[in-house]
Amino acid sequence: MKTREIRVGSSVIGGSAFSVVAGPCSIENQKQLMTVANHVSERGAAMLRGGVFKMRTDPKSFQGLGKDALPLIREAKAATGLPFAVEVADPSHIEFFADDVDVLQVGSRNMHNYYLLKELGKTRKPIILKRGLAAHLKEWILAIDYIVAGGNEQVILCERGIRTFEPELRNTVDLAGAVWAQQKSGFPVILDPSHGTGSPDLIAPMAKAALAAGLDGIMVEVHPNPACALSDGFQALTLENFDQLITGLHPIAQALGKKISRNGSSEQK
Amino acid sequence: MKTREIRVGSSVIGGSAFSVVAGPCSIENQKQLMTVANHVSERGAAMLRGGVFKMRTDPKSFQGLGKDALPLIREAKAATGLPFAVEVADPSHIEFFADDVDVLQVGSRNMHNYYLLKELGKTRKPIILKRGLAAHLKEWILAIDYIVAGGNEQVILCERGIRTFEPELRNTVDLAGAVWAQQKSGFPVILDPSHGTGSPDLIAPMAKAALAAGLDGIMVEVHPNPACALSDGFQALTLENFDQLITGLHPIAQALGKKISRNGSSEQK
Amino acid sequence: MKTREIRVGSSVIGGSAFSVVAGPCSIENQKQLMTVANHVSERGAAMLRGGVFKMRTDPKSFQGLGKDALPLIREAKAATGLPFAVEVADPSHIEFFADDVDVLQVGSRNMHNYYLLKELGKTRKPIILKRGLAAHLKEWILAIDYIVAGGNEQVILCERGIRTFEPELRNTVDLAGAVWAQQKSGFPVILDPSHGTGSPDLIAPMAKAALAAGLDGIMVEVHPNPACALSDGFQALTLENFDQLITGLHPIAQALGKKISRNGSSEQK
Amino acid sequence: MKTREIRVGSSVIGGSAFSVVAGPCSIENQKQLMTVANHVSERGAAMLRGGVFKMRTDPKSFQGLGKDALPLIREAKAATGLPFAVEVADPSHIEFFADDVDVLQVGSRNMHNYYLLKELGKTRKPIILKRGLAAHLKEWILAIDYIVAGGNEQVILCERGIRTFEPELRNTVDLAGAVWAQQKSGFPVILDPSHGTGSPDLIAPMAKAALAAGLDGIMVEVHPNPACALSDGFQALTLENFDQLITGLHPIAQALGKKISRNGSSEQK
């Protein structure tokens, strides 16, 4: 189906595009971010991502660079011309990111945080709304209303796996549920196979599956050296993995009449 | 086991007490609140509860009285001498309730909202921390740390049922998990069988079970006329149901050497 | 509520009794079984249990004594006067156990095995019907019909924990669901807290909870030396644990007007 | 990845094929079966399927044609030249189907029925092993061993959705788990999107996703008139739906260098 188009800078999510959002789990330093940003931009990514304030289960874990990340975000945007998405975990972050960040992301732990959603409805930035760990599909769809009620209709849904009895994989990707949400809401839906599976061997198969099933894109974590990542390195793609992923998507996209590029057109570097 | 004692006014939660926290789902008007408050106080409740800002899945549902509830809370406290617990769903609520509310409750949808937990750690009020819909037991325990890190060690855990495949009941009460959390953390744990089961026929059996299993109390919803409740009436106890519940708890409490009263001592009206 | 009484030898399950079914996970040898059988009988157990054919996930694990267990079962019954329950995992087991076993148990992995249930409906022995790992409560109740359709109305339901997202405990005990099944079906329901929790520290609290919630009994695994058990030793009670469990149940039973003995009467060794 | 090839008649499952297994939920009568069999055969199906003994949760529901189905199966095989798969729910069915059925299917309710698996290990027919409703991925893989231990290495795994908290769809398709099982076991894995989603609108997207993710095929339910089906009509494809499904698969298959035909080669009617 053709979902509504969400435009941000020169990029488009939804419509007939299949968009790749990529970047590190956490922004760690200039070299890490610029390496990843330049690399994924050259392969056709439509948007950059990177964590600034990390909500970790364990309060003693690395919690993100905070304001030191802002100049790095500006530099990555300038170098690539791509928009940048960052997670907001508290209403105060909206103001914090006002000048530098293009797309605000709601993490799975905050999908039910209706106060945050209302505040995001007052902004004029596109919102990536991740599904809650155990959110019913209907609750996910209703959460859109909290944002739209404020006048902001630029919502991108993101399936990132749900919590089930299965211990082998980090989460259970509910791809059929993501397609259902797309069909019922008309908003674009992307898949995060990095959090969804927690396993690099399954990211490429699930990215292809998302494309074939008709979703609007994927969000993946990429790190120059996953073994040294300060958060979630076990599920990050190397630069080489990322290239293989993109290479694997192209023939399927072509068969479906879609383009993997920042605006869904055939122009690609 | 004997958990740490949380004192609030003349009431005690934890230690050797078995405490009953009771009140309506939402505060609706003076008559409703005062009827319930006086009734449960006379039967030995240790704390009142009532919703002021309701986080509803559907943004069109009744969302609570807001500031009109504050004078009603003051009146109920004055009439009964009991402390009052209200859910905070946003950091701004902490200031809002500063003068009138004794205990701040974190709902299941906010257990993972670490920014809210950090703010609550800076207060000096006891916190009721409900388990998330799909929170691992270890995540629940770790969430305590976010509050304690701010210097506030007055935490009461509350099990309110988890989300499972079972469609018959509203949630699945994880009583064994609640006992595990109590044993591992040493903090008092109470059970909310109203949300846990969503069924009045199961509230009394589960309240007795919580007592026998060694938990520190229960939190129940009571309404003078459940059929007319503005929220969750289907799971509220009538005043008569509440009396039967308390009557059923007394012999078990006695057999276990516990008292159902505001301070765990044998004094009872 | 008062459930229908299932009589087997001089023991009664259901009605106003609270029955303890106890024995080793697997029957391993004469000394092990006789030690446990004599011990639990003296403390008021109403029925013995022990595995003969074990359905293990890993086909290389210990699979039970098979026919070598039969003379041991006869000896344990003769010494204690108690009935003996064994799991049947295949229709051929019904004939195999015809002379020696009093109660046939359907394991959680077979609750949906309707061919087995139909064959059990043709016997005239009481059936313990465990809930499936992920069986809906209504499916559990409907499974009774497959047995009753054959003319056998002696069914005892057994809740043994369901499979959820929670990794800390072996299963999630659905005590409220067990009470629901008892209320809806009128058949007796017992709890297996050994499989339900997989943790000896939680067995006694959950046994007390089952009693207080109004269930009809418990089934527990006991082993003289859990560390050496050939199956599931990690969740077995020692003889001393078992004594503490029974001692803890007595005052609650007394408060509720129930007796822990083989026939629910006050006669006890 | 390239899985082991399972040959049955002139059809191949696994290897580099993407195989379509199709037929009605239950065989109802000659006209119904022949209409579906001829139709799906002409579109490239590799195998027919149809239920003979249905294990229904409610014992009063339609339970299948039993032996009256056998001549219909023979006729469908003769007309199409395709092999036929039927579910066996009891060891006695193995002998019952010995002459007429080519592939024996283990339903999700029997994945843990190790006695049935052992009996199937003694046959020399390919086995379709569906994942249990709440089976761990490792348990699914280990269940293969029960069949292989008897000398039968012709196993096809089938993911048909797992039971989760989500009420909107019949089950939650665990596509990433299916890929994991394929990677770990080396056996072919097919997807049943009919049971997996319970919704015709989601069957085609999930079939394409299975193909793109690298699975070895799909199994779908087709009925000439779903509204009149005696079982599970709500999830059956019409003949027209089936054509659209196949038409949608071809370009993706081509892009991946796969053929949708009975033997994975380019020959197609």
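Note that the chains take the letters A, B, C and D in the order they are written out, and that residue 1 is the start of every chain.
As a convention for this text, a contact is a pair of C-beta atoms (placed from the backbone, for glycine too) under 8 Å apart; a residue touches a chain by one contact, two chains touch by 3 or more.
Predicted, not measured: the structure shown is a model, and the values here were computed from it.
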item: Chains in simultaneous contact with chain A and chain B; value: C, D
item: Of all other chains, the one whose Cα centre sits farthest from chain B; value: D
item: Pair exhibiting more inter-chain C-beta contacts, B-D or B-C; value: B-C
item: Between chain C and chain B, distance of the C-alpha-averaged centres to the nearest whole Å; value: 35
item: Geometric centre distance via CA averages, chain D-chain B, whole Å; value: 49
item: Chain A residues counted as touching two or more neighbouring chains; value: 134, 138, 163-165, 167
item: Chain C to chain A touching residues, read off their complex; value: 134, 163-165, 167
item: Touch list for chain B against partner chain C, complex; value: 134, 136-138, 162, 164-169, 172-177, 179-180, 183, 193, 196-197, 199, 201-202, 205-206, 208-214, 251-252, 254-256
item: For the chain D and chain C complex, residues of the former touching the latter; value: 55-59, 89-92, 109-110, 112-115, 132-134, 138-139, 142, 145-146, 149, 163
